[in-house]
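This is the structure I want to talk about, given as structure tokens.
Order of writing sets the chain letters: A, B, C and D. Residues in each chain are counted from 1.
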Amino acid sequence: MTAETKELTKKEAFLNYLLRLADDRLILGQRMSEWCGHGPQLEEDLAMANMALDLIGHATTLYEYAAEIEDEGHDEDYFAYFRDDRDFTNLQLCELPKGDFGFTIARQFLFSAFSYFQYERLKEAKDEQFAGMINKHLKEIKYHLRHSREWVLRLGDGTEESHNRIQESFDELWMYTDELFYMDEVDDLMIKEGMGVDSSEFKKEWKKLVEETLSEATLTVPDWDQFMMSGSRNGIHTEHLGHMLAQMQFLRRSHPDAEWK
Amino acid sequence: MTAETKELTKKEAFLNYLLRLADDRLILGQRMSEWCGHGPQLEEDLAMANMALDLIGHATTLYEYAAEIEDEGHDEDYFAYFRDDRDFTNLQLCELPKGDFGFTIARQFLFSAFSYFQYERLKEAKDEQFAGMINKHLKEIKYHLRHSREWVLRLGDGTEESHNRIQESFDELWMYTDELFYMDEVDDLMIKEGMGVDSSEFKKEWKKLVEETLSEATLTVPDWDQFMMSGSRNGIHTEHLGHMLAQMQFLRRSHPDAEWK
Amino acid sequence: MENQEKLNEFQARIDAGEKIEPKDWMPERYRQQLIRMMSQHAHSEIVGMLPEGNWIERAPSLKRKLVLLAKVQDEAGHGLYLYSATETLGIERDELVDQYLYGSAKYSSIFNYPTMTYADICAIGWLVDGAAIVNQTMLARSSYGPYSRANVRICKEESFHKKQGYEMLAKMADGTPEQQKMAQDSVNRWWWPSLMMFGPHDSDSPNSAELIKWQVKLKTNDELRQHFVDRMVMEAEAIGLTLPDPDLEYNEETGHWDFGDIPWDEFWNVVKGNGIMNRERMKARRAAHENGEWVREAANAYARKKKLQQEKAS
Amino acid sequence: MENQEKLNEFQARIDAGEKIEPKDWMPERYRQQLIRMMSQHAHSEIVGMLPEGNWIERAPSLKRKLVLLAKVQDEAGHGLYLYSATETLGIERDELVDQYLYGSAKYSSIFNYPTMTYADICAIGWLVDGAAIVNQTMLARSSYGPYSRANVRICKEESFHKKQGYEMLAKMADGTPEQQKMAQDSVNRWWWPSLMMFGPHDSDSPNSAELIKWQVKLKTNDELRQHFVDRMVMEAEAIGLTLPDPDLEYNEETGHWDFGDIPWDEFWNVVKGNGIMNRERMKARRAAHENGEWVREAANAYARKKKLQQEKAS
């Protein structure tokens, strides 16, 4: 009963890297799209549909490239519709139920801030096609960051109720933030190849942006030293993901031979 | 562009009759099982798991018999897992989301009262196997009726809050009650063959039981003459059913070749 | 009478094909009719997000998910500029929203039917957006400037939605047996409701004459409906789907397709709020509004604070 | 000292294998330890409904749905009679529930792991119920009468649950490649947590000696764990699944299976409430309790009214 570990190839690492990026965006976009028609005001229905569209659009492009890299005849839909929850490598942060508007905003802010720093570096990746799509998505990420940051300020420094609500959301989300900076041999190899980013390099900057925003929003920064969740990059998830995938994949899986594009 | 109608055979009618009975019970049982671990007190967790078990158990037996009658090599799971929402003929009443405890109780009471009168007559059906299972299930239906009726009294005549809540539930449910008494050529043929019941025969009794119970519970009987929903026996459903089926059938459909019994 | 003079002048402008703009004089009744129509149009765009939103999570491919999201986003956008256009008539959006959530304002009753299968999304794109386009193409020439311009913009996007729905429906009609069945079933369910979207027969439509006189509408309900039917018969045939009306027949004399009796009982029932999803739609919209109150309050409080700070600083 | 005399007498009864009954004298510390253990056992049955309830809707066959429902129903039943048994020690169920929902009372931390796949339901039946049975078989001989009898009853049902889980897991291990993968993956994830169910090493278990002296427990954590491992190794082999411990090795000398180091860091983390589902479980149970308050109040109000009516009538 011994475990053997094979050396990770560059191709495998890249595939994994793309899937992690894509899974985050698909799952978060799927959550965001649950707001459709249920937003607090029409402008936000529009903004949230827009962000969902961006996120799922980014995921689609990343999956397409993953299919190309994998080179086994799959298409982008394969990764979204025919993998199980143990195969998904999205952050637990992204799969948590949408909560109230404040929760959605707080999560989007934390995630977009991370994506921003990550993409700012990733756009220099030594793979033209990859760097190209990252660069293209970055513009939209900046909008997500600005939009969610503005709402953090409004809710934090709005009324007593909104202050308390979004404070509670940040408190709840905190233990899922450490995973943003998780790195393993996939990252190591990608960094070595000039294709990945070392997230520890911008952790300080990210923290600073988060802390300054929360402080400007008159919010308390939760304890960074609390227990932090882990495991999602290896397919460990909350029970929420399975239910989401059941809805998301049901129709497609029910008709495996049908064409839906 | 003309629509042709084939004469309904006895076999088709019986198959449909069994499926309608079974679908009601599976879908209602599925809703009831959502209470698992979320009941208002432990005794009710037990009671609701028990009722869900009965309902889904009855559905299973009915589907088994349906498979036998149909004689096309299907088993009971086929009917539960491989039909789409347009194929399901359960009452809309059964598919509505579980609501609060009062809603669940009010629905269960209306449905159990109907089942009670229906099964009291169906147990005389001229098909020994069918009559036998009906007779067996009747005992459990009586318990469901007693249990839900007692709770209608407690909630109706309990506190002001509970009174208002369950009153609202009955008000909401009312427009789904007419379908209980829906009859078409399937029923006609079954009645002719001595296998079905004419529900108009006991509509008065059912109404009386419902009205007396609501009155004893100090509740107002909603308007019988309001607009009433229809269509479910022909596969017309609310948007809720599709989401439920996605969860219910997902795993099974994802692995069509796997054995799960 | 000065009023009659103004009215004549107004009518002359209309008859000359001029657009009426917000600052222009207009009869109170004209204003009220427009508020009713435009806000109903806006509410419909908003409620319309719900039956479609119902399938975003379950869309069967990433592409279809994106298409649907973009469509719903457009609808929110339409809602927004229709409310803005209505506000030019001197009424606030808050009041309009209040009228439809808690008052008697209506939205298109088509959205009280459930989307039971994914094919319904395609059928809605084809039939419901198709019917809406017929209507809105006319409204793009409406006498009220802001409404006319809003419809020009809306029509462009709706045409795109219709095309996407039609194409996917065509693919399904040409797909697996299950897809074909689903597609035909959707058309069977959505055909009559889409005909009802044009409203009652002209003979039962009391507002029509006045609206046409004012060129708010340029055609009657029955004219629009006939135009729609003629077009859809061809489009259905082209993709091999059957319209569920045994009385559909080409009339050589009129050059139009005759069609069967519309189930008006159902129409009036659904209009009265008895559609299968009516209560759910209102519940969902009210919940969205009420659950969002703290958010809107926070945004207002924040804006006030910032304004105050700026004033102090300057 | 009378107290010491009583203590000696009490110990003598224990040593003679007599059962202690509710009305008998018992040391306060004995009572407190039992309340802690028994209520924790009860809470665990209740919380245990959640990870399993998570798969009732999605169970892959009607049979498996019924099996799972029956199991969850049994667990509610166990909870009920364990609370009753605990109440014989002079504490109300309300207070116990309060202690675990809002206070410091614990439940088995195994339930803070998520059930990610249906195979987890089978693995729980086999490993988690399997571990529980080892524990409860011992507790069925516990010195406190009501607890002992409760465990006799529980064990019978748990054995059935374990059998059902094991059988389905065996079918999966012998099923399609996907089923096999799912089954092995579940065992990989649940193996170590199930070993942790026996609690810390004897050396880190301060209560053990006292509990054994009083025959509340009859064996130490490590003894029970070893018993469990020996059994599971055989059962895993029988159905072709691998236990995720490269150090598992039969020890000829002791006649037992040696096993690797338990990840105690994880154990203590989960005990401290840092399991992946810990917060969700507490949220779900608190919500159930709080959302059910109006129901319990109504039932009480109704009972009072009825009592009053009866008193008036008589």
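One rule holds for everything that comes next: a contact is a pair of C-beta atoms (placed from the backbone, for glycine too) under 8 Å apart; a residue touches a chain by one contact, two chains touch by 3 or more.
Quick caveat: nothing in here was measured; it's all calculated off a predicted structure.
Under the touch definition stated at the top, subunit A and subunit C share these contacting partners: B. Remark: among chain pairs B-D and B-C, B-D carries the greater number of C-beta contacts. A separation of 42 Å divides the Cα centre of subunit A from that of subunit B.
Taking each chain's centre as the average of its CA atoms, subunit C and subunit D sit 58 Å apart.
Here the spacing of subunit B and subunit C, counted between their Cα centres, is 37 Å.
Those residues of subunit B in touch with two or more other chains are numbered 84, 246-247, 250-251.
The set of subunit C residues touching two or more other chains comprises 58.
The touch graph of the protein chains shown belongs to none of the named shapes. Inter-chain contacts occur between A-B, A-C, A-D, B-C, B-D.
Of all the residues in subunit D, the ones that touch subunit B in their complex are 46-47, 49-50, 52-53, 56-66, 69-70, 72-73, 76-77, 79-80, 83, 118, 171, 175-176, 178-179, 284-285, 287-288, 291-302, 305.
Interface of subunit A with subunit B (complex): residues 84, 243, 245-247, 249-251, 253-254.
Subunit D contributes residues 51, 54, 58, 114-117, 185, 242-243, 245-248, 269, 272, 274, 276-277, 279-280 to its touches with subunit A in the complex.
Partner subunit C is touched in their complex by these residues of subunit A: 26, 30, 33-34, 36-46, 49-50, 52-53, 56-57, 59-60, 63, 76-77, 80-81, 100-102, 153-155, 157-159, 161-162, 165, 244, 247-248, 250-252, 255, 257-261.
Residues 1-3, 84-86, 92, 172, 227, 229, 231, 236-239, 241-242, 246 of subunit A touch subunit D in their complex.
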